[in-house]
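My structure is below; once you've seen it, I'll send some questions.
Note that the chains take the letters A, B, C, D, E, F, G and H in the order they are written out, and that residue 1 is the start of every chain.
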Amino acid sequence: MSPERLRRLLAAVAAGETSPQEAMEALAELPFADLGYAKLDLHRELRSGLPEAVYAEGKTADDLLAICRRVHEAHGRVLVTRLGADKARRLVAELPGAAYEERGRVLTLGPPHPPPRGAAEDGRVAVLAAGTSDLPVAEEAATCCAFFGHPVDRLWDVGVAGLHRLLGQLPAVRRARVVVAVAGMDGALPTVVSSLVSVPVVAVPTSVGYGASFGGVAALLTMLNSCAPGVAVVNIDNGYGAAVLASRIAGAGADG
Amino acid sequence: MSPERLRRLLAAVAAGETSPQEAMEALAELPFADLGYAKLDLHRELRSGLPEAVYAEGKTADDLLAICRRVHEAHGRVLVTRLGADKARRLVAELPGAAYEERGRVLTLGPPHPPPRGAAEDGRVAVLAAGTSDLPVAEEAATCCAFFGHPVDRLWDVGVAGLHRLLGQLPAVRRARVVVAVAGMDGALPTVVSSLVSVPVVAVPTSVGYGASFGGVAALLTMLNSCAPGVAVVNIDNGYGAAVLASRIAGAGADG
Amino acid sequence: MSPERLRRLLAAVAAGETSPQEAMEALAELPFADLGYAKLDLHRELRSGLPEAVYAEGKTADDLLAICRRVHEAHGRVLVTRLGADKARRLVAELPGAAYEERGRVLTLGPPHPPPRGAAEDGRVAVLAAGTSDLPVAEEAATCCAFFGHPVDRLWDVGVAGLHRLLGQLPAVRRARVVVAVAGMDGALPTVVSSLVSVPVVAVPTSVGYGASFGGVAALLTMLNSCAPGVAVVNIDNGYGAAVLASRIAGAGADG
Amino acid sequence: MSPERLRRLLAAVAAGETSPQEAMEALAELPFADLGYAKLDLHRELRSGLPEAVYAEGKTADDLLAICRRVHEAHGRVLVTRLGADKARRLVAELPGAAYEERGRVLTLGPPHPPPRGAAEDGRVAVLAAGTSDLPVAEEAATCCAFFGHPVDRLWDVGVAGLHRLLGQLPAVRRARVVVAVAGMDGALPTVVSSLVSVPVVAVPTSVGYGASFGGVAALLTMLNSCAPGVAVVNIDNGYGAAVLASRIAGAGADG
Amino acid sequence: MSPERLRRLLAAVAAGETSPQEAMEALAELPFADLGYAKLDLHRELRSGLPEAVYAEGKTADDLLAICRRVHEAHGRVLVTRLGADKARRLVAELPGAAYEERGRVLTLGPPHPPPRGAAEDGRVAVLAAGTSDLPVAEEAATCCAFFGHPVDRLWDVGVAGLHRLLGQLPAVRRARVVVAVAGMDGALPTVVSSLVSVPVVAVPTSVGYGASFGGVAALLTMLNSCAPGVAVVNIDNGYGAAVLASRIAGAGADG
Amino acid sequence: MSPERLRRLLAAVAAGETSPQEAMEALAELPFADLGYAKLDLHRELRSGLPEAVYAEGKTADDLLAICRRVHEAHGRVLVTRLGADKARRLVAELPGAAYEERGRVLTLGPPHPPPRGAAEDGRVAVLAAGTSDLPVAEEAATCCAFFGHPVDRLWDVGVAGLHRLLGQLPAVRRARVVVAVAGMDGALPTVVSSLVSVPVVAVPTSVGYGASFGGVAALLTMLNSCAPGVAVVNIDNGYGAAVLASRIAGAGADG
Amino acid sequence: MSPERLRRLLAAVAAGETSPQEAMEALAELPFADLGYAKLDLHRELRSGLPEAVYAEGKTADDLLAICRRVHEAHGRVLVTRLGADKARRLVAELPGAAYEERGRVLTLGPPHPPPRGAAEDGRVAVLAAGTSDLPVAEEAATCCAFFGHPVDRLWDVGVAGLHRLLGQLPAVRRARVVVAVAGMDGALPTVVSSLVSVPVVAVPTSVGYGASFGGVAALLTMLNSCAPGVAVVNIDNGYGAAVLASRIAGAGADG
Amino acid sequence: MSPERLRRLLAAVAAGETSPQEAMEALAELPFADLGYAKLDLHRELRSGLPEAVYAEGKTADDLLAICRRVHEAHGRVLVTRLGADKARRLVAELPGAAYEERGRVLTLGPPHPPPRGAAEDGRVAVLAAGTSDLPVAEEAATCCAFFGHPVDRLWDVGVAGLHRLLGQLPAVRRARVVVAVAGMDGALPTVVSSLVSVPVVAVPTSVGYGASFGGVAALLTMLNSCAPGVAVVNIDNGYGAAVLASRIAGAGADG
């Protein structure tokens, strides 16, 4: 039932052309999902201001260009993830103001989201990477977090094989509202970090490793079995998902 | 190096008995971990106020009684998890003020933690359970969250096999600062919830199910692959871990 | 929004106390799920006449007794699955008219559902079991199908290790509207059946086997990879689920 | 034993040249499989009218061309699956009347099968795809169903991450005789659909996803463990298999 | 079609009451499987003389007693596998002539099968066990082989952790027509044996081991990946299956 | 200890230059493996006449050419497996008398091995392939068996999806001394064959299939769990290994 | 060939009764394994002084008593692993001098082995346990190491969830010749330890944990993927194996 | 706190400008990790002399060139692993003195490390490879061991499929301080070796094999389940890790 139909029904009741009982019955037949559609959708946009990101894999440069323009028009900003350098060149050339972060394969267009109002510690996020091979995933997370309006500290190469490097960065880690810890191979970083801080730690396993790392499964299991509680695990290589989760955690609060 | 030794060393410098260079060398030899021990430990207690929970499995009632008394003396409150009914009877009988939640197998002694200062929405947590078989895990999470000082809404039996039940509870879900969604079998609940709210969703797979549920692996994979971002996954049946994570999320903010 | 509130709102519009625009806004705020709840629920009951079955595992005899009485009062019939013989004795003793099928561990109370109107071939279901160890699952499926109003042919011990036994039963298999084929170990039965008939074959892997059968996984994979198309796979040991699926297939048609 | 030999044997009995006892013994030696071959084969063709589809992977364009011509001559229609665009161009150029559906990689030649006589609701099939990446598999299923003579509704992009989109399509979903639900990642769509309709839901997991989706295993397990009964699972990415199953379900009935 | 019906049909042809053409049509309708049933079945019994073994797990002593009596009457001998000591006592007490081998959990009744006529080397079988924990499976294989009419050499405790023990038994190993090698843990025995002999080696993984042996999977994979060809793998703990396979290998030859 | 050294030692004993006790001690130090080397090696060659096959993958055409010449000189015949068409062309051009079987990727040089003396039924082997995609593996097995001196029957496209085709070939299957059954996807062929014959069935899973076939694991598990005993499983796609095993089974007998 | 036969042969050569050539031939036929048996066996005992341990699981107290007495007589000392408390009581009562370590389930009889001569740092071993649940495995390793003659430091409860505890123990860890690090759950301890020391770290995963720890698989994978090199992994819960490996590492050197 | 700051603080204490109590407080705030950083780092370099190896995969030739120059300047020697031939040519051309081992894909620059002082048996390492396909991993291990200052014996092609070859090399194996055994397929080599020597055996599974070898998992499991104790397992294909472990084992002793 479109708003127009609803408006006409209520006007008919007001005009006495339709009895309340008849209107009641019409409304009982109302396909709630249609109403729900608009409501939910609107609610979602107003609430979070985060339109869905554009996932670039499997889409042509032409498709991406069209989608970016449409989303930009609707929302004033666009976030594209998993975007290869070749397609990126085309998009940057044709979309004025677009910026491409090559290592994280992320393109942004338009200004970052405003910082979450009232977020503690300004919603600061610390993104940690265990090794240099983990940087593509870590940079994806960091760039997305920054685009979502959060101050971001990038702390690279702090894996537990050189524990002193991590310990040397503790003050920076500790001032964040949420930590994103990215690690492949043994995936031990989030456990150690979580034992040293009291904020939530979003753990991102990466597919870095060989042999019995099974494309990130070893790191994933390590993180799920962390002996230090307070660790939130996301999917392997899922830097974007970690950023959305970190942003929800560092945001201002309940759904309102 | 104990504080006493450090104090003596500095006094000797002040008295001119030890040169700054000699003190410098002594300090370079200082086993930082000893210092670190006290420092970290103290920091941890002051910061989060959450002493480690007592995990009851594999411990005798006598052991548990002794541990509970020691922890209670040190911290004024105790949390025991995975505690069977038989041992619980003994502890409740001998520890005045202890309360046992049978379904979640959790015992608490002493007052709950004070609510986190400055937490948005009072740090409210909504705990959802998909089916009645998920209740032990959900209740463990809920009882722990309450003991950690958070207002808790328990929303049971809202699995997606009866979608209307979940939709009917949306207002309650939406006022929480963080949602804990507990589900076995197909584990689809957190995905659906995360598509309807904008706060973080802590997903707890349970080992409920049979056949190809593989003791919770099916639900775990569903949650890790959630097509709605913003989902934080913890280990199978890990209600306590979900509560610590939710408490960190709903708390007042950065490590300070 | 309860029907009462809705009725009052419409009456106020009719009385001129509320403008259509105000009503419009109130309705936009309407928690559709409440409305949705009743609607969906009602729709479900009217449509399929199949109230949820009572899953007995993990419930006490007292709980089961109470649940059965409530469901029986509401629907006039009850189906209980995975019910052990001990609890069954109690229920049969206290619920007049209850019947217990021991091998399939199924209790029924009240008359079977009426046959689906207009179903082709009377909605006949053939349930095949490969070996005698598969009988508990097969009997669960057969008893449930019968309770859902379908004529059922039970064809036991027709596994492919004795191909002639299956071939000897082909005429009975072929007159069914849907075949349920239950097999453990190598799980080859549904493939062979599907190559011999043109109706859908619901394949139920069982956890029967040892060694590398992995609790039914070997049979499950065989069925998913059937080289004969037309096979519908359900979860391991899920006789009840197979029966619901078979009943939907053999039923009268679209959701109306 | 060829029909000729059988005819001669019976003629000899009629002529008194062979006693019934001798014929009896000859027939006991009869290689039943030869007889069975013709019988089964004929039966199959007459009954379902669905000759085996041509699976294009690993075959050259020349091979495919020859096979298509032979099948077309025998049956008047051909269905080719998993056909890449390059080979398709060649086949379309050389086979007058051939039509290629690129996204689903399906080629059809000849008229669709006639609709199943007497099928309820005209044997209508609704094919649902959760996301745009699931479209190749969904389109394969839809094109095959249409070629098998069924009216098909394509409902794309109705994944549970945007629940309102699915709810908005419920009326279309509900008028189908069978639903094919295609989803990768968390694979939650068939569960939610099955909780909203009363017809069978054929669930097709896709290999869409990354990390712990394990090439579709996560979605597969979700579907096998669906908490809503009535879900029929087929192999990962198996759109053709789903179509054959859906066609058998939506067909006119028992093997006759 | 029963033999009686067939006989009547042929008599009618001989009597001129039925034309050959009519008989032809009747026979075309003949359910070949019925004919096939008798034929296959008879063929199987005559050919191999090995009636199916009785698998004792999940059967009561009463059931077993009844089955054994029926099989004994039909075949003159019975083989029961996986038979616990308690039930065995009952069977031995009530079945005169029954013998129970406790370690292999096998009961035999009646004389062993005669040795296969014309088998090379008298069809001798060498059964090797790597460790003492593998003996139940090895003894099951050995007892069954002996009952099938083969001379059997039992070579226990010849695992590769003490290579000299195996080398010391080579002459005995080498005179067998087929070797059955039973091993758990690393499962390396069959590989080493196969590199030292030229007869087939039937490899039986056992579920002996702990940790990453995964109930015999490690040994199973070792055997499947044997770097020495000529190894035939059977299921984990499947001593009976190994014996049937060894008996077929050591038997007199082709199906005749 | 070389034969020369041993000869000198014994001569010294005979000459009285070395006491028996001294010789005893020298022999106790004798590195048995050196002796063992020659002995074992010689034994192996004399016994089986099967020099190791040359595995072509990862070797250059130059390497292969050199190896083939050396092996040919030593043994008079060479068998090369997994040989791509490009390298094969080079080898065939430079090795007079070499023959290449393209589908099975096997090259042979020199005459086949003589048939095993005294083998029952002439050591005949039947090689069955379920589908056309299984042919490379089946042809590898068949070509190797033929080169090992066995008469081979190739029975292609007899998968259980068209059961009548298999049944129609039973007489050919039954005259073999051993059956090699090659199948991917559901891997049900060996089970069905083994239920119809009494000779050993070597089951070869292939990596043919998609989705949950997991590169042949589904077929492998089906074969390991065969409900018909007498099935010998080898590794996935291991046609050569199947041939060696079949040759050992069909050979003349014990290690002599 | 027994030593007696060899001695007679050599005496016959010395006596001129047997020519060197005849002796040569007799020796060429000599079943080297018999000789090898004695030689290897003797060598093994002399070399390492470590008779095989007695694995108690699955053996009765009577069996164990007999075995212990025999081994004690032969070697002067016995080591029994995986020995439950009930059987241990019996053994301790009947074997004078036997000592039982309950937590590690290890019984020792006789004096420990002498310390390895010439071992660096006295062959000192540090055994670390991450948590209290890991103590049974850690104590098994420690008790065995001590019985093998090594000084042992037990460092309990030094898991990475409380990093300061591990850092506080570094001096003790660093003076060992080899470290045994025992951990369940996330298994991160060996990685962190290996990054802090330069001696080998024997990593022992334990089956401690729940949910996705999969009985120790998660910890095992973490250890195999350690980002700090120098980690030697043994099987899950294999404290005895870790002790043998540590003893070999801390021993005096090459096989001599 | 930098050394400068610390020096100033102590000078102020000595000068009476800061009281010991104030210094005490300042030091309590001291970020121990900074101090720890220098200390740990220095310790590590002094102690082991093994700077981290450069892992070449995923780095450009330019990157590698720059890194090698920097490391060479700092340490006087460089080790690069997993270096393809193309990049190697460039590095060898531009880095005077660089040597490239192609099969093991290892580049070394500068003199090998000096032999470990006081190491037993000169720290000799025997590296064994089961088959020729295992050579890349074995050569990586051997080259790294040699660069770490150890005499290395390379023993190729000693897999257990030709047991005599391994037995013939036993004397060479036995004089090593540690054995590295590299094997794919069934991975049985380390077990057999460990049963024949008394020094530690570092087992390296390789991804060599096909079918159910699962990229080295089969070999890995075999090694973890070795029935001969004393086996240290490292990750699949991890020749470098095996070398570091072997070097630690063969080195002079405890962390000093």
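In the analysis below, a residue touches a chain if its C-beta (ideal position, glycine included) is under 8 Å from a C-beta of that chain, and two chains touch if they have at least 3 such contacts.
Here the structure is a predicted model, which means the values were calculated and not measured.
Could you figure out which pair among B-D, E-F or A-D mirrors the A-G interface, over half of its contact pairs being identical by residue number?
B-D
Farthest chain from subunit B, going by the mean of C-alpha atoms per chain?
Comparing chain centres, F lies farthest from subunit B.
Please tell me whether A-C or B-D has the greater number of C-beta pairs in contact.
Pair with more contacting C-beta pairs, A-C versus B-D: B-D.
As a quick test, compute the distance in whole Å between the mean CA positions of subunit B and subunit F.
Subunit B and subunit F have C-alpha centres separated by 59 Å.
Measure off the straight-line distance from the CA centroid of subunit B to the CA centroid of subunit G, and report it in whole Å.
That gives a centre separation of 39 Å.
Using mean CA coordinates as chain centres, what's the subunit C-subunit F distance in Å?
51
Listing for subunit G: what residues touch at least two other chains?
32, 36, 39-40, 162-163, 196, 211-213, 217, 220, 224-225, 235
Give the pairs of chains that touch; include all such pairs.
Here the touching pairs of chains are A-B, A-C, A-D, A-G, A-H, B-C, B-D, B-G, B-H, C-D, C-E, C-F, D-E, D-F, E-F, E-G, E-H, F-G, F-H, G-H.
Which of the residues in subunit F end up touching subunit G in this complex?
Touching subunit G: residues 3, 6-7, 10-11, 13-14, 16, 19-20, 23-24, 27-28, 30, 32, 35-36, 39 of subunit F.
Can you check the complex and tell me which residues of subunit D touch subunit C?
40, 44, 47-48, 118, 120-121, 124, 173-177, 196-200, 202, 220, 224-225, 229-235, 240-241, 244-245, 248-249, 251-256
Can you tell me which positions in subunit H touch subunit A when the two form their complex?
Residue positions touching the partner: 31-34, 36-37, 39-41, 58, 205, 207, 216-217, 220, 235-238.
Under the touch definition given earlier, write down the residues of subunit H that touch subunit F in their complex.
Listed in rising order, the residues are 133, 162-171, 210-213.
Within their complex, state which residues of subunit A touch subunit G.
130-131, 159-163, 185-188, 191-192, 194-196, 209, 211-214, 217-219, 221-228
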